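We just call them A, B and C in the order they show up, numbering each chain from 1.
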Amino acid sequence: MEEVTRELLGGRMSRRDFVARALALGASVATIGSLLAACARGRSAAPASSGAIGPIEKELAIYNWSDYVAPDTIPNFEKEFGVEVTYDVYESNEEMLAKLLAGASGYDLVFPTGYAVQVLVAVGLAATVDRSLITNWGNLAPLFLNLSFDPGNAHTVPYQWGVSGYAYRSDKVASPPDSWGVFFDRTYAGKMTQMDDGREVLGSFLKYRGHSVNSVDPAQLAAAKADAIAVKPSLQAYISAPVKGQLISGDVWLAQMWNGDCTQAQAEQPAIQFVVPREGAAIWQDSLLIPINAKHKRAAHEFMNYILRPDVGAAISDTTGYGSPNVRALPLMKRPVPYPTADELSRLEFQTDLGRATALVDQIWTEIKSA
Amino acid sequence: MGARLPRWLLAFTAAVLALLHLPLVVLVAFSFNASKFSVEWTAFTLNWYRRLAERRDILRALRGSLIVGGSATLLSVALGTLIALALARHRFRGRTIYEAMLYAPIVTPEIVVGISMLILLVLVHVPLGLATITIAHVAFSVPFVAVVVLARLSGMDEHLEEAAMTLGADEIAAFWKITVPLLWPGILAGALLAFIMSFDDYVITSFVAGSGSSTLPLVIYGMVRRNIEPSINAISTLILVATVVLLYLSDRMSRRAATVDE
Amino acid sequence: MSTRRRRLLGWLERHPEAQAWALLGPGTIWMVVSFVIPVLIMCAYSLMPRGTYGGVEVGFTLEAYQRFFNPVYLIILERTFVAALLCTALCVLLGYPVAYVIARSGRWKNVLLFLVVLPFWTSFLVRTFALIFLMRDTGLINSWLLKLGLVREPITMLYTSFAVLTGLVYGFLPFMILPIYASLEKLDPALLEAAEILGAKPAARFRRITLPLSRPGLVAGCLLVFIPALGSFLTSDLLGGAKELLIGNLVQNQFTTARNWPFGSAASTVVMVLVLGAVLIYLRVRDRETVGVI
C-alpha cells in the first residue's frame, strides 16, 4: 500500500490506477479519498516524491544541449559505472520545457537554465536531489549555490555558467567603450548584431539605464523598448550563437553574445575580444535536474556526482568554452574562465522567470521586431 | 525526345537545376575543410569523414531517418493514393469538404501539430519512439501525396479499367495492371515529396520522438547553437553520393529490363 | 473468384458511396487519430486561459482571439500572405518550364526528377548555411564579383527580403515542379505535332493545349507551395536576420518563449479557417465548372 501511495504522490500513477490498486489491496474508501486529496494539493507537496533511491540502474537517459559535454565524458561514465547512456539533444530551454510540460517522459536528466528551473519546480516536474549521494558537493564554489531560482539547491546541481556581453573584432573596431551604449554608435552601423532573444536585448538596455534585467516596470520596459527600436536600423541582424561564423569572416564587427561562444570563435580568429559592459549584464547558470518521472534516479545521481569531479568538469569547460562552477576544476582547465570578482558580481544579475509578466515582455519583443 | 524542345527552354532548365545544386557544391567542399566553422577555406582534410566513424550518434540518427522515411513514404503513398482515387472517381456527400480538409495538415504550423500530438500520445499512454515519429510523418505526408495523385487523375479516362474488366480482368488485376501504371508519375512525385519532408522534419519530430530514438534533423538542429560540425557535411556528401550511385544502378537495370522486354 | 468476394464486390457496386468510403477509410482513420483529434485539442486550448508557466488552465475565455484582432498581429498576417504569394509566383515562373522539360524528356524523366529533389536529401539547415556562405558580404558570390571587377563594393544580399525570397523559393521549388510534372506527363506529343501541322503557333499551342492540361497540377503546386509557405519561420530568421516577424515566428514564440499556448493556437486557428475557407470556395467553384467531367 505504501508503494502504491508513493507512486501516486510521485506522479507515476494515474488516479484511476491508484483507486483500482488501493481497492484491490483492501484500503478503505476514506483512506483513498484523503490520499487523493493530498495528491491534488500538488505534487510538490509530497516531500518524499523521489521515492526510495535504490541501487544503480543499468540505463540512463540524458536530454542535454548539443555539444555540451566533452567527447569522453559519456564513454568514461559508461565504462566506469556499467550504465548504458542514451543521449538526446535539444536546442533551447523553451523546446525542452514545452516537451516536458506537454507530458513527455523518459528522460532522467535535463539541463535547464536558471529561469527554466523555476518553471519546472513551479509546475511540480522537478524531483528533489538526494544530497547524501552527491559526495563531491564540496567542490562547488559557494558563489553558484543557493541561488534564487532554487533555494538550498533542493532540485539542482550547478553545471556551467556564463555571462552575456559583446564580442568585437579588435582589428576592425579601434577601442570600443565598455558600455551597452556602443550599440548607439552609428560608426559601426550595419556591422553590429544583437541576440535574437527578447530578454537579452531588453536586458542590455535595462542595464544601460541602470535598471534590473528582471524588471517588469512598464515605464522602464518602455524606455528599453524605445532604445531597442532606435538601435535596430544599425543592426545587421538579430542572431544568437550562429553569429560566430560572421564574426570570424569579418561580416560582423560587433556582436552581443555569450562568453563561451566568443571563446570558441577566438580559437579560429584571435582578433576577437569579449567585453562585459560596466553597467552590468546577465549571468546565467545551467544546472542538472532530474524530472520527477525519471526511471533511473540512482544512475542520474551518480552522473551528477561524476560531473562534479575536477577532471571531468575541466574537460567539459574546455570543450564548451563556458565557466565551471567547480572550483577544483579551475586549475585543470586549459582556458580557465575566472570567477567574477565581488565588484563585477554586484553588476551581474541572474535572469529569473517573469511568471505572468512573460506575456508583457513577449508583446514588447513582438513590437520591436515589427518596428 | 528532346528534339522538339526549344533551346532556350533547355538552357533555362539547366540553369535552374544548376542553381539548385550550387549550395550543394559549397556543402561538399566544406566537408573537406579543416576549419571547424564553415566560414573560410583553410586546408584540405579527410578528418571529418574519419570522425563520422566515431560519431555513433550521427550514424544512429541516419538509421532512424531512413527507417522512418522509408516506412512513412510507403504508408503515405498507399493511403494518399486511395484517397485520391476516391475523390476523383466517386461522387459522395461531403466530397468537396473532404477535399478542402485535406489541406488542414498543411496549413497548421508544425509546433501546433507537434505539441498537440504529444499531448494526445501522453493521454493514451503510447510510448514515444520511432513508431510515433512515423505515425506523425504519415499524417503530414498523406495530404501531399493525395493532392499530387489527384492532379494526375484529373482528366484521365476512368473507363480504361472498365474496358479491361469487360475483357475478363477482375478489379484487382485492373487496379495493378492499368490504374497504377497510369498513375505512376503522380505516385512517384508524391513519394518523392513525402520522403524529403520526412527526412528533413525537425519540429514535429522533436516533440514525438522518445528518449533514444533519433533522426538526422534532431542531431543537426541541436547543433545550431554551437556550430554545425563539418561531419554533418561529410554525412550529407556521403548520402548524396549513395543516392547518385543508386540512381545510376537503377537506371542501368531498368534500361536492361527494357531491352529484354523488346 | 470466391463467392464471398463476388458478393462483397456486388454489394459495393450497388452502393457507390460505400465504395468511396472503402477507399477513404484507412487514410481517414489515420488522419483523424493522428491529426484531427490533436488539433481539435489545440483549438480547445485556444479558448482556455493561459497557464502561468505554459499550458492552459481550466476555463473558458475569448481573450486569445480578442488579442489577435489587433493591428500589430494583423499586419504580421498580411506580411506573411504577401511573402507566400511572391514565393508562389516565383516558383511558378521558375518551376513550370522545368516541369515541362522533364515531362517531355522521355528516357531521362526519372533522372531529372531525382536531380530536382536531390538537394533535399541534405538538411535544410546545412543548405541554408550554404546559402548564407554564398550571399554574405565576404561570401563566395561577392568575392567572385569583386575579383572579376564587376562591382567595386560587395552587394548586400544577406539579411534582405531578396535573401528570404531566395531561401523560400529554393525550399519550395520541388513542391511546384513535381505536381505540374505529374499532370503534364500525360501530354501526348502527337497532340502538339498535330496542332503544329494544322498551323497553330507555339504560343497558341501552349495556351490551348498544354496549359489547360496542366491546370490541375498547376493549382496543386500553387496550393502546396503557398499554404506551407504561410507557416515558414526558420527561413526568415536565418536569411532575413530575424528583423521581422511572420505568422510562423509568432506562433512559434507563443509555444516557446512567450509560453502563451492559447494565443498561439488562436493565431493558428484563424489562419487555418481563412485558408481552408478560401480553398473550399475555390473547390466549389471548380466543381460547378466541371460538372459531369471529373
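We adopt the following convention: a contact is a pair of C-beta atoms (placed from the backbone, for glycine too) under 8 Å apart; a residue touches a chain by one contact, two chains touch by 3 or more.
On a predicted model such as this, the values are computed, not experimentally measured, just so you know.
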Contacting chain A as well as chain B are chains C
Between A-C and B-C, more C-beta pairs in contact link B-C
Between chain A and chain C, the Cα-mean centres are separated in Å by 36
In whole angstrom, the CA-centroid distance of chain B from chain C equals 15
Among all residues of chain B, those touching at least two other chains are 38-39, 111, 115, 119, 221, 224
Going by residue number, chain A touches two or more other chains at 92, 95, 98, 102, 242, 245-246, 249
Two or more other chains are touched by the chain C residues 129, 255-256
Listed in rising order, chain B residues that touch chain C in their complex are 1-2, 4-6, 9-10, 12-13, 16-17, 20-24, 26-27, 30, 38-39, 78-80, 82-83, 85-86, 88-93, 95-101, 103-113, 115-117, 119-120, 135-136, 138-140, 142, 144, 146-156, 158, 170-171, 185-186, 188-190, 192-193, 195-196, 199-200, 202, 216-217, 220-221, 224, 228, 232-233, 236, 239-240, 243-244, 247, 251
Touching chain A in the complex, chain B uses residues 35-40, 57, 111, 115, 118-119, 122-123, 127-128, 206-207, 209-212, 214, 218-219, 221-227, 229
The residues of chain C that touch chain A in their complex are 50, 52-55, 72, 75-76, 129, 132, 136-139, 158-159, 237-238, 240-245, 249-250, 253-260, 263
In the complex, the residues of chain A that touch chain B are 61, 63, 65-67, 86-92, 95, 98-99, 102-107, 240-242, 244-246, 248-249, 264-265, 267-268
Counting only contacts in the complex, chain C reaches chain B at residues 1, 9, 16-17, 19-21, 23-24, 26-28, 30-31, 34-39, 41-42, 94, 97-98, 100-102, 104-127, 129-131, 133-134, 140, 170, 173-175, 178-179, 181-183, 185-186, 189, 192-193, 202, 213, 216-217, 219-220, 223-224, 227-228, 230-231, 247-248, 251-252, 255-256, 261, 264-265, 268, 271-272, 275-276, 279-280, 283-284, 287, 294
